[in-house]
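Labels run A, B, C, D, E and F following the written order; every chain starts at residue 1.
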Amino acid sequence: MFSVTVRDHMMIAHSFRGEVFGPAQRLHGATYIVDATFRRTALDADNIVVDIGRATDQLHAVLAELDYRNLDDESAFAGVNTSTEALARVIADRLADRVHGGHFGESARELAGVIVTLHESHVAWASYERTL
Amino acid sequence: MFSVTVRDHMMIAHSFRGEVFGPAQRLHGATYIVDATFRRTALDADNIVVDIGRATDQLHAVLAELDYRNLDDESAFAGVNTSTEALARVIADRLADRVHGGHFGESARELAGVIVTLHESHVAWASYERTL
Amino acid sequence: MFSVTVRDHMMIAHSFRGEVFGPAQRLHGATYIVDATFRRTALDADNIVVDIGRATDQLHAVLAELDYRNLDDESAFAGVNTSTEALARVIADRLADRVHGGHFGESARELAGVIVTLHESHVAWASYERTL
Amino acid sequence: MFSVTVRDHMMIAHSFRGEVFGPAQRLHGATYIVDATFRRTALDADNIVVDIGRATDQLHAVLAELDYRNLDDESAFAGVNTSTEALARVIADRLADRVHGGHFGESARELAGVIVTLHESHVAWASYERTL
Amino acid sequence: MFSVTVRDHMMIAHSFRGEVFGPAQRLHGATYIVDATFRRTALDADNIVVDIGRATDQLHAVLAELDYRNLDDESAFAGVNTSTEALARVIADRLADRVHGGHFGESARELAGVIVTLHESHVAWASYERTL
Amino acid sequence: MFSVTVRDHMMIAHSFRGEVFGPAQRLHGATYIVDATFRRTALDADNIVVDIGRATDQLHAVLAELDYRNLDDESAFAGVNTSTEALARVIADRLADRVHGGHFGESARELAGVIVTLHESHVAWASYERTL
């Protein structure tokens, strides 16, 4: 199995609901360093997993929809705790939609899966992995 | 599949028995940067894999049993080479016991697995992965 | 010259005023990985720059006053852009006050200076350096 | 499952053929930080996955065949795009040959698999994973 | 003293002349992770050292003149060993020219100095520091 | 001012004397990731600060005198707390002796200074800086 990973980041505000979150129930924020990994069983005709330029651009486009925002005000997240692991899934699913929509190019339709990892600090990170 | 990882560290002394270890047969030591990853197929009612505060505290508690010690003097490791990979298993198993014992909270009983990675330097690390 | 550095982090929300900030004028947030460096020309009687346990605790105490907060709501920052570099100074000054107040121990009164670096992402960070 | 990883690097020149590569069609170069991970279901008689000294030496030997070279001039890569993911496979396969050839020691014949990751920058990396 | 640092990278080919360089006399290449640090004694009216967006864009523009090239073919480097430390100076000087030329904005004319660090691998890097 | 830095590591056991050290008074250990920085005002005839191969070898030779040892048993450290900052000075002084002794080559006699940084974990490090 092959994989290619690209890294970008976003800076958001949000708050959590539930006693388990302690002081994180207050409005605060995070920089998420975001790694998007694309997996594939065989390389394409150019000998690559995915066009790394397109992968970088598509990840940036997905993050731009969230970046520099207060997620508490986004209708997409109404009533939802935007935990690091939940955001990893949101980003993975949006990347999957873009793969299926052809934004990564034709050969990318053969991608096997995607993994998204969000680093919230130097001591904590979360991932979501799915098939394509 | 979702995962959440927390990082901590410990500083121990030890020595190894066996020619394969060369100069590491002498009493020396290591800082282990320890990453504990908790895996789960679906998020819980709070939209998380595990309470990250509890995960941090439980990892710290497990490492506190080893930290600032000479492992050669610990009865738990009598006659055992405390290699990085062997210690990764010890820590993973102790975390698993704490998950099963309810120390991570009730919802954590649905965790699928745990991975423990010990970084012994900037150029070497080892992992152990198990189900829960 | 000797130095010792300890690392911690905080997660805050804030917004900026001024066209130069572009989309960062919206309410957003950041994880700041915070490095506090203490400098000294000669080691103390224990052969150290500073008690690293105390340094860790004091940095954590200073960050706890900011962590998990919306800085736009803090009276200390009324009318002030809480840029990364400005926050570096705030933290350095508060650490300096604690050194002068004896919170780092008597021998720490001989510290020569402090440097605070805030990493806002994997591609941007800012520092403030001052004497003590 | 256990794993042990060792890290080294190489510095090569190359160019790519195909419009997808844009400016990377020009002769340029890369530092690849190379992580080789060895996997095993049970530890050997010394309580290790693999002799980490041998693993380090063997990885270095494999990289030495590529290091400080223009890959466009290497017959092994004639007509082949030496993408990061393609090079990950080359290195993994060469490591596998050396495991099978006994260069990692007898007990290493029980290794289950190898993963090779090449970091081409702080924002992009690629992997190849195979069984042994 | 305040500072702000931004990070980018470039991927180049080159060779060195001189026995001291050993195998690096052959055509090879490098990824340079490039950190540009801007220093200033007092913050500007916006409470910043420099517009981080402009700093990022200007660093990228300077690196684009070198990126994806064989430096042996660049007239600017004819007869010159493009060592990591020498390239750090080239980039620092070009950034300084752009500060003086107003590309960083009017307030940036008060910058005190610039430091450029090029990381050529996980185990080696070089810097050049100058006043503005 | 130019600088070049090389990185290596060592793994030692030791204990501390003094209440300030708390549990670190017990025999324990550390991996130190060691960065040695060489500074110089102008580049030499080869356009470099120092032969990076020699710098790497010399740093390794200095660390080999300490690596895989219990520092409590080394006569050089009798009655001395081998704190991270104290070890940084020991290594810097030994590197300085080797520069003065010609082990870095003739041109290295023009080096202006050396800085040694020891990372004891992902959250703590110490440095010593001296002239040459």
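Convention: contacts are C-beta pairs under 8 Å (C-beta built on N, C-alpha and C of every residue); 3 or more make two chains touch, one makes a residue touch a chain.
Bear in mind that the values here come from a model prediction, so they are computed numbers and not experimental data.
Chain centres computed from CA atoms place B at the largest separation from subunit E.
Of all residue numbers used where subunit A meets subunit D, under half belong to both copies. The two sides are thus made of different residues. For the pairs C-E and D-E, the count of C-beta pairs in contact is higher at D-E. When the contact pairs of E-F are matched by residue number across D-E, B-D or A-C, over half of them reappear in B-D. Chain centres here are C-alpha means, and the one lying farthest from subunit C is D.
Measuring from the averaged C-alpha position of subunit C to that of subunit D gives a distance of 41 Å.
Averaging C-alpha coordinates per chain places the centre of subunit C 27 Å away from that of subunit F.
Residue numbers of subunit C whose C-beta contacts span two or more other chains: 7, 122-123. Listing the residues of subunit C that touch subunit E in their complex gives 16, 18, 20-22, 80-86, 88-89, 122-130. The residues of subunit D lying in touch with subunit B in their complex are 1-8, 43, 46-49, 51-53, 56, 105. Residues 7, 9, 11-14, 23-24, 26-33, 67-70, 120-123 of subunit A are the ones that touch subunit C when the two sit in their complex.
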